[in-house]
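As written, the chain order gives the labels A, B, C and D, with residue 1 at the start of each chain.
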Amino acid sequence: MAILGSFAFEEDFLGAARKLKSSGFDKLSLLSPLPLEEAQEIMGLEKSPVRHFSLAGAIFGAIAGFAMAVATSLVFILPTGGRAIITVPPFLIITYEMTILFGVLFTLLGFHFVSGLPAWRDKPYLTSAGIDRFVVIVEGAAADQVARAEAIIRDAGADEIRHVEEDQ
Amino acid sequence: MFDHGQPSYAEVNKDILSTMLETGPKYWMLLGMTMSVAGICFFMPWIYQLFVGVGAAGMNHNAVWGSYLSNFIFWIGLSHSGTLLSAVLHITNSPWRKSIYRSAEAMTLFSLMTATLFVMVHLGRVWFVHWSFPIPNQMGLWPNFRSPLMFDVMAITTYLTASSIFIYMGSVPDFAAVRDASTGLRRRLYTIFSFGWRGTAREWHTLGWAYTFFAVFVIPLAVSVHSIVSWDFALSAVPGFHHTIFAPYFVCGAIYSGTAGIVTVMYCLRKFLGFERYIGQVHLDSLGKLLITLSLIWSYINILELFTTWFGGTSFELEALSFRLTGFYAPLYWEMLIFCAFVPLLMLFKKIRWSWNKMLLISILINIGMLTERFIIVATSQPRKFLPDSFGYYVPSWIEISISVGSFAIFVTLFLIFIKWVPAISIYEVKETLKPLRRNV
Amino acid sequence: MSTFVEKLRQYSKPGYYDEFDYHWTMTIDLDRCTGCEACVVACQAENNLPIVGEERFAQSREIKWIRIERYWEGEYPNIKMGFIPMLCQHCDDAPCETACPVYATYHNQDGLNTQIYNRCIGTRTCAVYCPYEVRYFNWFTYTWDEPLEQQLNPDVSVREKGVMEKCTFCIQRIRIAKDNAKDDDRRRVRDGEVVPACVQSCPTEAMLFGNSKDPEAKVSKMMKNTRGYTVLEELNTTPSIVYLKKVHA
Amino acid sequence: MSKISRRDLLQYIGAGGIGVAGGVLYGEGVQRKVELLIPQVIPPEDYSPGVATWYNTVCNQCSAGCGISVRIREGKAKKIEGNPVHPVSRGRLCARGQAGLNVLYNPDRIRTPLQSADRGSENTAEISWDDALTTIGSRIGRLKIEGNAGRIRLLTGRTRGHLDELFAQFMNLLGSEHYQQYDFTYPSALAAANKTSFGTDVLPYYDIENADFLLSFGADYLGTWLSPVHYSLAYGNLRQGRQGQRGKTVQIEPRMSLSGAAADEWIAARPGTEGLFALGIAHVLVSSGSYTGNDRDEWSSALQAYSPSMVSAETEVSEDTIVRIAEEFGASTASLAIAGGATAAGTNAVASVVAVNALNHLAGNLGKPGGVILNSAQAFPAAAGSSPAGLQGALDLVAAMQAGDVEVLLVHDTNPVFSLPHNVGFRQAMENVPLIVALSSFHDETTAMADFILPTNTYLESWGDDVPDPGVGFPVTSLSQPVVAPLYDTLPVGDIILSLARQIGGELPIHMPWASMEEFIKDRWREEYDERMSEGQDQNFEAFWQAVLEAGVWGQPGAAAGGQPESSSSPTIAAIADPVSKFAGDETDYPFVLHPYLTATFLDGRGANLPWLQELPDPMTSVVYGSWAELNPVTADELGIEEGDVLEIESPAGSIRVPAFIFPAIRPGVVAVPIGQGHTSYGRYASDRGINPIHIVATLMDKQSGDLAWAATRVKVTNTGERLRIVKTDGVTRTLGRQILGPGNDHG
């Protein structure tokens, strides 16, 4: 059982969220049509673990890039231009590009990993959350707590409250 | 910020999505036109060239690189506005970026695609282009990572990948908005595109972080891409190519032409999609100021190039210089100087900076000048290399001119398709710039 | 493991060429050269260079692996003409080689700058980077009017459109000579056993070809001539062709 | 069959698919040995380049007679190189010689006998050899029987060796005296002058190789004069072949030729006065006491008039230069003077060459290394070649044709319609001849006038022999053999003549019993062998023949050179005459002197159908495919002419239109036009390209030799205002201060 509360005003929405949080409703989802820093603070989100992915990707890319260039020139000993077979300066450029490429790719991976997307299963959602409504979703509330959550939401000034069955 | 009063959140959605979801006959006519121009001017000559050989173009022994490469640099340059500018402004948190960056990034992506097409057109045996990728091929041989062209391959591939991801990730919340506003097949498609985005605080948070990292990666990447393109030239010993200033020169020129390109695109968005509400004087003014700055840097580098060449005083460089200033292509050189160094100075006047029509004209002139600049670099240096007996000329053939014209049609076609698939203005970021709604206000 | 490290170290240093058995070198005595262009036709015949036709010639699309460059000095009546045959210099530090993304051109074990037509994808970067402008691009697939194709040399491939080509120092002749040496159990080819077509034809014996690794070779001695110089020395390409400058009486 | 359900079918398809995929995987991955295809990264060691065969034969691209080796693979000729054992070419070969492959494999060769329906057009019908030979043979036979054999004429190009003998014999047996040769390049004046000076008209051996000082009056010995390959070899030796000694060369000509470019000093004397220049030098040699012969006084009186001041005034060369060159010439141990080109093509040609020969007399270099060495008697005295009659012979033939005295004209290997001035009217005269038979491999302008075209084998498909002229000082005879089987339904010239002889019948087949040219040549060589060549040889003829065939040449290097040249210089002294050429057209109407010149590529136009030569940049100008007129930059400036402006060049004999080329090494007042282009019919590569300057040459003649004075025409030049792009490879022909020609060699 999930409770959805839709707000027209950001302040009401944030108020409801804070109250729910302090009342012990931990499985909260705060839907907004635009990123709200306060909402993220309420959810306790600080530094995202995405950055680890970025770093790992960059390091991997750097190593892979340099290794690829060196390995290629060692497998095919084809001297060019009187240069050494392992020609470091040009390989650094390859390394640089690969660093960025894998940094970006790993960041993308990290995004999916951390955000839980893609999630194509139906989840409690209101289309208006994508337009101009701020929606609080309380999930996993015990049956006896539902009424309390609903009350908090209503008191905060929600213009619509809905109950949605969660599929387990 | 908004010339016609602040819209509500719902209006933002409606305004922006309507350009996507409602399609009039004019759009189809325009699309049909650009597609046929692209087909007739770009692809048909190219197919002819594939059959005949690159000899269909005007290049010759004295100038084996021609307009295909100058067009390539031009389009790569144009691509530098979007992603780079968007990333820089994102990191510096400039609010005026938000309504223009989506189109700017699209411009990046499409001009990059057009540029890649020019590489294909340029190649003698394009059917073996995959040999230049580090993937297994029938030769059992991997590419030469010492080659500046390999730097190019790596850089452009990375840039294309990173730009695509950058624009796509930025659009995910908007895809969700499209999903919510549509039905049927489109809804199903956008469900997939949007990854099931709901707009939870966690999603926003992760996206914000990831997006910032993309931006951080993209800035040095974009700088490296055009530096590397410049090294295709600067790493040779050819007089007129062999300058240390080339990398900053190219990067500056790229941002310059890209920014001018944004002005043109903004004008079109405003004019044809009715985004007057979102793209306003403040954008024009900011871009105008940016353009003046870039133009001054560009002029400075040009003067520097002339000066160092003259000061160096080697026969090779001086000959290349005098050919550039007074030779066969001198009119083009002076045209470039007027369009890129002198015309932009007009923007010092606020009156001009605040006029959409005048800015459009200036931005187009700048890009014509930049197109010429690339052509001059390619066409005037090669025929004046080291051995005077091998001096020559290069004149583009009709095939080349036609393909150059066709490339613009391809770009416009891609853009037209883009505005029907992706919201041309970032919905959620426009909302960020609006004052939050307060009860009883 | 230690050999691996050793190898890595060796590969990180330039000068790999010192290991090679041969270093094919040519000397061209400009005091003998009369600019008669016999070498040009010899090359055309040996290496299956196409007949491009007037129209393409007018567009500078000719293919001549060796060409004669002309330079006037002075004015009438005290005017002199300087000829200089220009062909691939087979530079040790060749700018063209690093330019190629697909290894279509590289330095082989004989110190030759080779061009592998099969690998070429036609970026033409090598031709831009070449200061001597001796790389020629196949703008078209050239055909021979029947029955001219019967004179094509079966030892040399015919190139298709989109491929870069250039002087090979007649690598097919070098190969035949090496094969003969191998058959005779000789480690090296004898001096004078290999002559590229241009050297062979030269009516004034202005050109000399040989292995400069062999101190006894004629070409090694000729290279030490005080008149010797390399073209565009300031670019540090270290060409394998040494020109002997003309004597001005 | 109908029992298969849909489910079953799907199962079968699935099973089949898996089976095929498995099989392919097995075949590709398991059974086959893994071989990486790395084309030419490391060429496979067992690659076999194939085996070529080399055949030695004789080059026929000009009259030098170089020995060549032809590389044959799978029965096809692949390359022509110089024959290393041949004393003329010594393994080297010029561009023209190497382009011989283009002759053999020329797409425009005549492939079958043709009968022309309409003279001068390409409207021809194929005909069988039998029909053609029967028709021609019966026609000639009838004339012979009627006693009108004198009405049969045979005109050939320069022919030497036994082919020449065969022609002569054929005409003799017919009873006609009219076998004549015409070759634009034949140095008639040189032969005539040498006859006067040295007592023999066999060309001597000019020992450039060992000379210290070479004074060339117009002779482009590196490009077109007599034996370019041999002289190029000699030049290389003269320059750098001897330790510590570098020979010097001076070239006197109005327009810098290849030899002029190679020379240390190039002097553009006033056209037509080169002989006078030579006399001026002779004057200094005698008066300065450098000549000490017994007949010094005779020389002195003969040369009295030609003082340096007088010569300087006429030649417009400074007195200092004349004296300086004379002194150098006198002081050098081995100085050699040669004449050719325009010097030997004025109305005073013989007088000029005699003047040059006088220098050789005065320098005392006759019969000495580095001087003029007379050629010894050749092995085949009869085969040394009849001298081609110059313009006079052609004029006689034209007169006979016009008078209707010629009933049958056989033409072989010569193109007088192209290489004679228009004024001669050769083409028009040919129209009076009832039957013209061309023995030719190509449709040139003369062949186009024939009624019957009998296609001949090229020299690479024929038997023959040749005595090089000029020789190399000792007896040499080259043997040529077919290196490939004939490509088409063609016959060797000799075989055609022999067939004709059989067709005509009478005493001809009795005296000419050979079945083929091969048989004829072998027969003659056998006779010669028995008579003289067998000396000191212990092999039989067959072995000897095989050896000569393999070598392609027979020679006696040890044999003494020809007799000492005429020791007396009195004939030369007597022949010294006023040596200034006269010109057609007067100076006010025609201010320019026309200087047509032979190009190293096309010679007199015969090379124009060879694509390699058409695509070969002209050595001095780099122009390809077309004609041009060279003008001094100053002259061009005065007339406001730029490169590519179409000029109308008008002589008293006609006019041509040709684009201008600004050439810095030409005397002002001279306009030079290369010979060779301007064919109206000579295959796809030559036709309708450029112009032929010979056509506007006035028909002046050197009286003594009867040779065409092709350098004695004045012209006027007008700018038509049209433009034509000159196709050339050169960009900027100045070094711009770059040290391309070597350090310190920079003359800006």
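As a working rule, a contact is a pair of C-beta atoms (placed from the backbone, for glycine too) under 8 Å apart; a residue touches a chain by one contact, two chains touch by 3 or more.
It should be emphasised that the depicted structure is a prediction, and the values quoted were computed from it without experimental measurement.
Chain centres here are C-alpha means, and the one lying farthest from chain A is D. Contact counts per chain pair peak at C-D. Centrality by C-alpha centroid: the chain sitting nearest the overall protein C-alpha mean is C.
Centroid to centroid, with C-alpha atoms defining each point, chain B and chain C lie 42 Å apart. Chain A and chain D, compared by their mean Cα positions, are separated by 87 Å. Annotation: 30 Å between the Cα-based centres of chain A and chain B.
Here the spacing of chain A and chain C, counted between their Cα centres, is 61 Å. Looking at chain C, one finds that residues 60, 62, 69-71, 95, 98, 100, 103, 118-119, 232 touch two or more other chains. Residues of chain D found to touch two or more other chains are 39, 41, 729-730, 733-735, 738, 740. In chain A, the residues that touch at least two other chains are 73, 76, 78, 80-81, 83, 90.
Chain contact summary for the complex, chain B toward chain A: residues 8-10, 13, 134, 141-148, 150-151, 154-155, 157-158, 161-162, 165, 169, 172-173, 176-177, 179-181, 191-192, 195-210, 213-214, 216-218, 220-221, 224, 228, 427-429, 431-432, 436-439. Note for the complex: chain A touches chain C at residues 73-74, 76-86, 88, 90. By the touch rule above, chain A contacts chain B in their complex via residues 8-12, 29-36, 39-40, 42-43, 45, 47-48, 50-51, 54, 68-69, 72-73, 75-76, 78, 80-81, 83, 87, 90-91, 93-94, 96-98, 100-101, 103-105, 107-108, 110-112, 114-121, 123, 125, 127, 129-132, 157. If you check the complex, the residues on chain C that touch chain A are 8, 11-17, 91-98, 100, 103, 105-107, 238. Of all residues in chain D, only 36-39, 41, 729-738, 740 touch chain B in the complex they form.
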